[in-house]
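See the structures that follow.
Same chain, two partners: chain A is paired with chain B first, then with chain C.
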Partner chain A sequence: MTSLSASPQQSSSADQVLREWQRLAMQRRLYSVLGVLLVLAGLVGSMWFADENNAGHFVERLPHLFDFLSWLIPSDWNDVWRALFDIASPQDNGTEQFNFPLGRVYLWADFYLPEYFYLMLVTINVALVSTIVGFIGGLGFCFIVARNYSPSNWLRIPIKRVMELFRAFPEIVIAGMFAAIISIGPVAAIIAIGIHCIGALTKLFYEVVENADMRPDEGLKAVGANWFERVRFGGLPQVLPDFLSYALLRLEINVRASTIIGAVGAVGIGQELKLSISRGFGAKTLALVLLLFVTIFIVDQFSAWLRRRLVGEQAFLKQGLGT
Partner chain B sequence: MTDATLSAAASYEERYPQVFRQPFWQRFGPAITVIGLALYLVYAFVFFDVGTVIRSGHWERAGLFLSDWISWNATVEFRTAGGTVTPRYPKFSPLGDDPHPDWVTANADGTTTIEMVGKDNSVTMSATDAYVTKAGETGHVKLGGDTPVIVGNAPAWLAPNDDGDLVADFGFTGQILVENDRVKINKRFLGWPNFFFDTDSPFFGKSAGEDISLIAAGPDLVAGEPNWRLAFDNFWNNAEWQHGDIIVKLLQTLVMAFLGTLLGALVAFPLGFLAARNITRNSALNWTLKRLFDFLRSVDMLIWALFFTRAFGPGPLAGSAAVFLTEAGTLGKIYSEGLENIDDKPREGIASTGAGEVLVQRYGVIPQVLPIMLSQTLYQWESNTRGATIIGAVGAGGIGLKLWEAMRTNDNWANVFYMVLLVLAVVFIFDSISNALRSRLIGRQN
Partner chain C sequence: MLKNILLGALALTSLATAATTAFAQDLPKEIRVGILGGENEADRLKNNACLADHLKADFGADKVSLFPAADYDGVIQGLLGGTLDVAELGASGYAAVYLKDQNAVTPVLTTQAPDGSTGYYSIGLALKSLGLSKITDFKGKTLGYADPDSTSGYLIPLTQIPKDTGVANDQFFAKTQFNGGHENNLLAAYDGKVDVAVDDSSGLGDFKDGFTSGTFRKEVDKGTVDPSKLVEVWRSPLIPNGPIVYRTALGEAFGKKLVESYNNLAATDAKCMSGVEGGDFKGYSPVKPEFYQAIIDVRKATIGQ
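Here is the complex of A and B:
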């Protein structure tokens, strides 16, 4: 090239590029504006719909938003501690609002577990057991479902579909079904959360397996390892930290799920909280919220700490993927 | 073992001591963890008394409920009082007020034949006798005494129950119960009865072709209202299936998830920037906001839902507010952690051109994080659609409450299945939309 000065041909092609770029920029801007408008329309529409379908309306109820503070704030703040640890209150007038000592779980002699701690233990146990069930199920199914390890497509595709069904099936329907069969209680909750957890963890696990390094597997194939040995020595060591990290994330989700299922299906602390809020028992509600908050906070922090040790900082970029 | 291999082993041991002398935890940790989990499961088994629960469960109900999902049951009594056979259909049954089902025939000789499956599985009765036929074999039962009496040979499948009444079981199809003065029929039909029109509708009891031609060209059934509008109204307000109510409730659930996630994202976006320690260099503010996110997340959707149900009354507003607060915390945490992991070079580049603070964020930060943020918001949206179903059951409105109530009555499993199918369809559609959007977003990033 002899000179950088624009020859007529270059100028026209530069013009063309400029025009093309402007066209693309306009198009992009148009799409952005349209997208934002669409979301805004959806937002306004759903706000109107939600307000229209609610028992009380937003504007008229807004001044009363903090009304609950009037019943929530106890007349004596010490009652919160008394409710938490099942100690008799001087305000006890025989009503359910102040019958704190009722429901103590005596372990031996005079040593007792306060009612709320016991209920929290039930809720945590439900969450833990269903996470373990989900982990075992996920571990068992993920290598069959993962494309790179699957022994056969005839197994892979049906199991994958069943797992999708497990994941999408509403938990309360499973809980309700089993409540009708084996009576309402923690076992029905475990089955419901566990089934959902198997589906969710299988999905997360097999995605990890499909991204695994296949060189160890090739080495194992070369020495004639069978399928179980390939999974055990080629696949599992690379994916186990990720699996454990996802299982811990799932535990955080399951603690919440078991509280909610509990509120619906009369298990653990959820039901007590629902009763206490709907009847307006200030001290009891505060004690329960405090206990639940601290427990969930501890579980979250513990799981975050363990996950950081297992897979490092990147564990936190996956936070949102735990569904 | 020869000296050569021994020395080779020794040299390996010397070169890779970490393989041969692992620390205690590395060596026994996995085994200890597995044993610990096994012990915990044993404890949980005892704690929840799983054995007793499983043993005392009514497992026979499971098959019944599952068959209720896709079939329905008609119970009809044929009484012999007054010397004639009088059928008694239950009120409000799916058969309608004045049923003449084709499986009940009044014969010319005054007897009545009720077919279970064809003539070979049926009962033919008069006021004094009943002939129960199963698979071609007939048992003759004399009615009118204190208990029904089998005359002649007694088929093995016609056995008296605890009350002395005779029972013939036809499996899924149902059963025939012969008492001294009546015959009770339980007959099960595959399908959902009256899915389109309930028994009060003028379109009830007609074939699909008749209904379509009536809607398309028939004379107005109600003066002044076109037939198609009447048909739609009858369908929408179908008393048995409640299509209208269910669709509105489903929409409420979707709105709860959408509104909550979107508002949560709108609030979390600016707060995420303020909470990220590499963007806002104010550790007090970072710390406060992060603890706020933890607080919102830890208080949990359930507690928010219960509080807002008290404040706003039951309905999607309470649900939306609950999803919103939880989501503001979750997304705030995700956003701020995403922001803390960005590459700082584009920001430095933009800042070196003399751009202001806002422009640095707009061109140096947002292009890096926006696809990830949007994709994670979509994930949350999906998960909240499921979560909103459950939240609904505690009173925050939507399909959850309707599902739970339908299940508690224990006799409307077909309705439950209908709602489950709708929920599954909606979840599937939303998953597909969000997957498509997400793969485009992530794809554009590369």
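Here is the complex of A and C:
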């Protein structure tokens, strides 16, 4: 650039254009730098504000980051297994810290389900039921909301807004609302996660529907199919594999949501986890974290396997080849 | 290891400021007050705003911040970790701190009821419409606890109700659940979500007013609960009132000043005190850790920590 402007043969008009371009480029660079600085200032300012409003300040508390973990280390590592399977601990002194066998859920005779497994099952059940609720809701609404299949704008737009409302509130807020009506418990949790899930899945589903190939639909229209027949035979076969993928993803998300709601809503494993953390019960906390970790891993693996079985191996091969 | 490096780095950076600010024994410029979870946050902040003003004036502090924790454990962890300076705890909450670190906090004052007593009761309240009048009638019903770190809302009912019923609460009742604080617990019983709720109460004065102080009184005053629809079905032995504590690391001078400030509040601003403490009180009286030994022992034996 500098060599160009230094060239003596350059006509004055070309020179002018170059200088103008350089001026504009400088200006743009200045604006970029100013913009970045502004964002940084805003970021630092808001972080400082947040930090000021905390009881403990970030930098001065940083050294204590791992204090929290010291109590987690149990005095006897075998207690983790005992806590997990409700086996009596030699340290049992009648306190909540080591009362492992107390939570046994006897199914018949001497056969029992360990407390944490039972609570985990409740948590998974809540997630499963709310995913089914969400799937049915999403399936029902998505074709009405999708532009290419929507029977009428009078239906499409209001439903879309309602779905946005469903998604707008975090599960925990909806759970709080329903806890006020029907008390805390699994039903409030299912309604809360289910409502959020309907909103989320409807959005994901209708975006899939809007990308669908409309040629089958044209064919069906040409032979006089009604709306339901067009959806059933033109749309659904194309989109169902993606629907299932999204629903399974949602199931994984819902297991986590159900655990978190459990922490405040007395359902399943969440509350037990929260309590054992706040009490500083190392063995119990480790047992719960281990169980949660294994469960999430199994749910992930299971949903990947199920998706393969439902969608068919060719869907994965096709993606693998990059077509 | 990492902690030492970080602490070292922090010490270096704060050297400059340390030169200008004074020693730890002097009064801090910022006081952080933890407020126990139990009542809704807006009411807690409103009731304690005047306390912050009093402390600010008495300590000559730049800033007094109120931290309404979501549950009791939030305040307990804050005091243990050193992010809160002052709090009024329940006896069981104090026991929780004491059992984790005996020297973390120092109790200085407790509240004194109009009759001069420094104790209160855990009372079981149920809807009159159930037609049941004593705790032994509630076999197979549901029991609502307040917070897992509450004295009157968990520890005492957990250990004392079985003395009347003969069996552990888990077995006597069909279900027991934490309702997240005293206010929610009482409302759960009032709305029929649980059959009995155990909450704190002075147990003095008229049932029609919700007694002289405690959660029941607060809800009656607010108009959220109509006492004529409720009936007392159980009452615990006397429980020591919770202490006002400060973080021991702040030094004795801080503690002395805190006692002065609270006594000053009781003497000059009865309205503020009644809001902070939730009811009618005569004033504050000094306490020592020994006052809570019985509760500490009970907590150690049942909860462990």
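We adopt the following convention: the second predicted complex is superposed on the first by the 261 of 323 C-alpha atoms of A that agree within 3 Å, B and C clash if a C-alpha of one lies under 4 Å from a C-alpha of the other, contacts with A are read in each partner's own complex, and residues count from 1 in each chain.
Heads up, the rule we're going with is that contacts are C-beta pairs under 8 Å (C-beta built on N, C-alpha and C of every residue); 3 or more make two chains touch, one makes a residue touch a chain.
Keep in mind the model is a prediction, meaning the values are calculated, not measured.
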>> Quick check on the superposition: with chain A as the shared anchor, is it clash or fit for chain B versus chain C?
In response: fit
> Between chain B (first) and chain C (second), which does A:173 come into contact with in this model arrangement: first, second, both, or neither?
Replying inline: first
> A:183 contacts which: chain B (first), chain C (second), both, neither?
Replying inline: both
> First (chain B), second (chain C), both or neither: which does A:55 touch?
Replying inline: both
>> For A:94, using the defined touch cut-off, is the partner it touches chain B, chain C, both, or neither? Pick first, second, both or neither.
In response: second
> Touch check for A:279: first (chain B), second (chain C), both, or neither?
Replying inline: second
>> Touch test for A:132: chain B only (first), chain C only (second), both, or neither?
In response: first
> Any idea whether chain B or chain C touches more of chain A?
Replying inline: B
> Could you give the angle made at the Cα centre of chain A by the lines to the Cα centres of chain B and chain C, to the nearest 10°?
Replying inline: 50
> Of the two partner chains, chain B (first) and chain C (second), which one does A:63 touch, if any: first, second, both, or neither?
Replying inline: second
>> Just to be sure I read the superposition right, which of the two partners does A:261 touch: chain B = first, chain C = second, or both, or neither?
In response: first
> Once superposed, minimum distance in angstrom between C-alpha atoms of chain B and those of chain C?
Replying inline: 5
> For chain A, which residues belong to both interfaces, chain B and chain C?
Replying inline: 53-56, 61, 64-65, 67, 182-183, 264, 278
> If you look only at chain B, which of its residues touch chain A in the complex?
Replying inline: 37, 40-41, 44, 47-48, 50, 53-54, 56-59, 61-62, 65, 248, 251-252, 255-256, 258-259, 262-263, 294-295, 297-303, 306-307, 310-320, 330, 333-334, 337-338, 341, 372, 376-377, 379-380, 382-383, 386, 389-391, 393-394, 397, 400, 403-404, 407-408, 410, 416, 420, 423-424, 427-428, 431
>> Help me check something: in the complex, which residues belonging to chain A touch chain C?
In response: 53-56, 59-67, 93-98, 102, 182-184, 264, 266, 271, 275, 278-281
>> Per the contact definition, I'd like the list of chain C residues that touch chain A in the complex.
In response: 2-4, 6-7, 10, 13-14, 32, 34, 65, 67, 71, 73, 76-78, 81-84, 100, 148-149, 170, 177-180, 188, 191, 193-194, 300-305
>> Help me check something: in the complex, which residues belonging to chain A touch chain B?
In response: 39, 42-43, 46-47, 49-51, 53-58, 61, 64-65, 67-68, 125, 128-129, 132, 165, 168-173, 176-177, 179-183, 185-187, 190, 256-257, 259-261, 263-264, 270, 273-274, 277-278, 289, 292-293, 296-297, 300, 313, 316-317, 319-323
